[in-house]
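Some structures to go through are shown next.
In the two assemblies presented below, chain A is common to both, partnered first by chain B and then by chain C.
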Partner chain A sequence: MSAIREVKFLRELKHQNVIELLDVFSSKTNLNLVLEFLDTDLELVIKDRSLVFLPADIKSWMAMTFRGLEFCHRNFILHRDLKPNNLLIASDGQLKIADFGLARDFADPGYKMTCQVITRWYRPPELLWGCRYYSTAVDIWSVGCIFAELMLRTPYLPGETDMDQLKTIFRALGTPTEEDWPGHTKLHDYVPVGQFPKTPLRELFTAASADCLNLLSKCLIYDPKRRIGAKDALNHPYFFALPYPSHPSKLPKPAKKETGPPLEEVDGNVEMVGSGPAVRANPPNKLKRRRSSEDFGNRPVARRLDFSK
Partner chain B sequence: MAQRNGWLRGTIIRKSGASTGGSTRTGTPSQVQSTSATIYGGGVKDPSGRTSEYFSMDDQCPVCKSDRYLNPKLRLLVSACYHKMCESCIDRLFTLGPAPCPICNKILRKLAFTPQTFEDLTVEKEVAVRRRIAKEFNKRREDFADLRSYNDYLEWVEEITFNLINDIDVAETEARIQQYRVENAALIELNIKREEEYQRYLQEQEEAERQERELRAQELRRLEEEERDEREKAKQGIIDRLETSDKDAARLVAKSRAEAQKRASARAASSSSFSQSSARLLRSRAAQSTVVPDVPHIPLQDDYYGYGDMFVQRDTYYDPVSEAVRKDREGIMRAGGYMIDQAWERALRFAVAGLEIAPPTGVSRQEGMAVGGKGPADVVMATA
Partner chain C sequence: MTATPAPQSEPVASTSSQQSIYEASTQYRHWRFSQEELANMRSSLNLDAVSAIRHAFENDSPGSSTSVAFLNAEEEHLLVKLYVGKISQLCGHFRFPEEVEATAVTYLKRFYLKNTVMDWHPKNVMLTALFLATKTTNNPISLESYASHIPRTAPSDVLDLEFLVAQSLGFDFAVWHPHRSLWGIWLDVQTIPDVSMDDLQKAHEAATTHVRAARLTDAEFVYTPSQIALACFSLASPTLASTWARAKFPSLPHPPVLDVLEPIKAIILRNGSPPDVEAVREVDRRLRLCKNPEKIVGSNAYNKKLQEKEKKAEEKRKRKAEAARIAMEEGDPFGSELAKKAAAELDDDDDDD
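Up next, the complex of A and B:
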């Protein structure tokens, strides 16, 4: 199912900040996706303690993320699983959004969407409260969490369970009031999670510029309707202010290449188990898929999937 | 040593502008002569020779009260305790070994006197202290896990520097420096090496650039010569042909002109490709040394056309399908951030997107859907 989704959307998306699907072929029962080969991902970069991030580097990554996301949203596709692990980085430094296994097109009125999407730490409060009608704002929340993570070098809102996640969010950003977020108490799974005071972001992000915190706070607004859109975010003064975003080729990269387990056959159907694959912190087949594309990247593929039938 | 000597001989002596006596007494020595010039080190070393020893018309030795009027060759040197003295006093007091400073009684040695660079001796002291500190406190940004700790380190270094300059807790500060030196010996060494390497790299780069310029100039000269030869040859060719052939003269001239034109343009193309390749070379080297300029932010980098000029979206539509969403009695959709405008926009955009594309002929409808991606398939989606 997720493989089908991935194929469905990636075939239509072609952008420098979205991973490119080169080919699809099936062997017996497996569906194989040939994806662009990308060296590393943002999670490894964040975790590599030997790297130092300049404010310009963070700006550059954020600009590329927003650009890729804006392209998806412009094409009416919700990614629904944004996290550093899914932001892959090419050898030339370009950041590319990958893993469209949970993506779906949006804006069909009246269709319920599942709320069991997005890795928990990056899941917005409306999904945690079981909202079935949402839109582009869910991805923006994830990007906001990634933004904060880039500055902190550690996950911003690491909740242990769904309930704990809400608590973590409110502890960091304060409990929303009816004024902050009209109607949130009527959400499907609404449960009150205690009262936490609002603490200014400045206390945690001491070194960030004012522009930077302004954009971050706009990404983490509770009311999804007021949360900033990808396009507006790209036009935010933060990106225009000095220092200019680093040139992609200058961005820090982990030095050593990981040597993973030997190549495994990619089973596109592996994610079908369970109702919410993304609830797991690390979808396991991500790395596998990346390595497989390394293998097939520059080789003529066996058979082309015929889409005209 | 040679460098230092050059500095001390100080061929350029800048007169202090503030001195009032200077303008009246112009017959002063243009060069500081000293028998012991080679002995004293210190001061600001500047291989370019643009800085020079400080020297004023009002100079007076605080020890023997001799001034420039009495001794035109007067040269004041600065002690380790930052007191000025003339050379003859230094010779008199310290030739027989370490002796106390006549002003503050600190024990001084002859070799520790340095020429003066700045008028203000506190500046002199600050520069000396900073130079000493910078030699050992040479950690870089890369040596720290994050900006925070680097800033803390810089703050700490500044504190030490300040203490030394203003003589606050000197003993304790010296102890701190000593401790730092012991703890970070390896890193200090490494950073000194790094700095040297960087200097070498800069030199190499300069050298390479110079060579490239030379090469390019040579190439240009060669091209010019070739062109001149060719022109000569062509001229000769026309004359020869006019002599031998019995064709129309005007046509022959026109023909050889056209040929010359062709050759010239070919040459221009090749030379432009030459300069282009050198530009590429430069760029690739720039990439190696990671000095790609950061370009200002451009919000969207693709040429996206959203058919925005082909439809106008109204505020509301008669849309029974989305009735439930719009009424939204419980506020579920309101709070979730679902926006019906986006659904309408999508329908509208997809509806107009296919208008320009002619329906495929000779293929079945099904195939058209799969191949088209956009186009007929989207119209079907939007109307469904």
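Up next, the complex of A and C:
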């Protein structure tokens, strides 16, 4: 099913910031996807402590993410699993959105969708509360989390369970009021999770510019209807202000060879590192494209997927 | 293709914003033809199939093909059309949404632009196309319950052809349908002042019937979904259709889209009804006699083909083993450049069955 989804959407999407499906073929009982070869992903870049990010670098990655996402949304496709690990990076520095195994087209008004999507740390509160009618705003929340993670160099909202995820979100951004988010208490799985005060983003993101925090806060607006859209995000002053985004080829990249496991986290988050985010709807044996293709040099690599389901 | 997101006035600019979304779709790029192209494709496909099957008959027992009356392209098309109708019946039975039905119909029609009914009977392909459509349109149903609701059908009957169908479709699973466009027109018209909702409702219902009729025709290979939808709407109510077009293009006294409608309407009125069952039954009777024997499990020709395939595979294994042996003897466990190359070549043709 997820293979079929991936093929369906990638056959239609052709954009600089979306992974390219070069070919599909079947042999015996396997479906093989030939995907563009991409060196690394944003998660590895974030975790590589030897790299220093300039504000312009972050702006460049964000611009590429929003462009790719805007293209998906323009084609009526929700990605539903955005996270640094699914933002792959090509040898020329271009960022590409990958892994459309959970993607789907927009549902018609009144048709339910599953809320068990998006890796927990990047999942918006409406899905955690069981909202079955949603739209592009869910992807934008994920991008907001990625945006914050690029600045913090550690996952912004690492909840340990679905319930803890809500708490983590509210601890960071304050518990939403009826005014912030009309009707949220009527969501299907709504449970109150305690009152947390709002802290200005400025307190955590001390080095960020005002434009930057403004865009971040608009990605993390509780009310999905008021959350910024991908196109408006691209038109946000942040992308027009100095410093201009770095040229993709100038962006920091991990050294060519992977040397052992990534460095241990040191931000008081050590207990999170072992377990990692829970990916409920994803198969646990999801192939890591970048690793499995390491030996193949710079050419497309076929990926085998089970087609029988 | 500038890579820099740096200063630019149009941040959304991308390689693909120049063309419309529809023009970027696989439907537009791979599945649009002129009527002549369609006719040529079908007749040459039919001629190739007939000569291949004649050959298979002759291989089986010489002289046996002379008495066989093979199907021609029109007869093949007639049979496919019958099974397009069957998809609708099945969808009604399962209460599948219209999206599933429309997608399955498109799959079936596309399949027979690449294959002949003499190789693959539409009865089976139809079941697979429908099952595939439930998956690609996000309306999954378990294979067991799907097969159990269809008489004389085992899960394997559905699954066996799935690869073949997916491959014939070129893995282009996404399809855009006129019924969606019609819905858009219906919503649009409601915003136009002074339109009677009763008239609109009636027109929409009639247009929906025409959209369903259009599924039996080749319209979707020639025209865009929105053109077909407007043509159907215009069949139902010409005045409302032109009211919509004028509201949509207020600067044009005569919106050009209205000129495309007549040929589409003609196609729908001419070909939009189910085929005569008696005629199809006759075709199906003849099909039983001219099916490709190589595709019938248990027939001589089938077994022969299977043996040939196995022999080829066996030879290939031997050649591979030989290459590996040579490599081992040369002392390098990973093989010399040459042996590696030979092995690589052997690997290459592994995947098109």
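By definition in this document, the second predicted complex is superposed on the first by the 258 of 309 C-alpha atoms of A that agree within 3 Å, B and C clash if a C-alpha of one lies under 4 Å from a C-alpha of the other, contacts with A are read in each partner's own complex, and residues count from 1 in each chain.
FYI, a contact is a pair of C-beta atoms (placed from the backbone, for glycine too) under 8 Å apart; a residue touches a chain by one contact, two chains touch by 3 or more.
As the structure is a computational prediction, the values presented were derived from the model and not from experiment.
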* To do: Answer with first, second, both or neither: which of chain B and chain C does A:234 touch in the superposed model?
  => both
* To do: Please indicate which partner A:25 is in contact with in the superposed arrangement: first for chain B, second for chain C, both, or neither.
  => second
* Which partner does A:94 contact after superposing on A: first (chain B), second (chain C), both, neither? -> second
* Asked: First (chain B), second (chain C), both or neither: which does A:189 touch?
  -> neither
* To do: Based on the superposed arrangement, let me know which partner A:160 touches: chain B (first), chain C (second), both, or neither?
  => neither
* Considering only touches as defined above, state whether A:9 meets chain B (first), chain C (second), both or neither. => second
* Common ground on chain A, meaning residues reached by chain C in one complex and by chain B in the other -> 11-12, 15-16, 59, 63, 67, 70-71, 74, 231, 234-235, 239-240, 244-245, 247, 249, 307-308
* Structure fact -> chain C residues touching chain A in their complex are 1, 3-7, 11-12, 14-16, 21, 24-26, 135-136, 138, 140, 159, 162-163, 166-167, 171-174, 350-353
* **Residue ranges of chain A touching chain C (in the complex, touch as defined)** => 1, 4, 7-9, 11-12, 14-17, 24-29, 31-32, 59-60, 63-64, 67, 70-71, 74-75, 92-94, 104-105, 231, 234-235, 239-240, 244-245, 247-249, 307-308
* Which positions of chain B touch chain A when the two form their complex? -> 141-142, 144-148, 287, 290, 292-297, 299-302, 304, 306, 319, 321-322, 324-325, 330-340, 342-343, 345-346, 366-367, 370-371, 373
* Structure fact -> Per the touch rule, the chain A residues reaching chain B in their complex are 11-12, 15-16, 49, 52, 56, 59, 63, 67, 70-71, 74, 76, 106-110, 126, 131-138, 153, 181-184, 186-188, 206-207, 223-225, 227, 231, 234-235, 239-240, 243-247, 249-250, 307-308
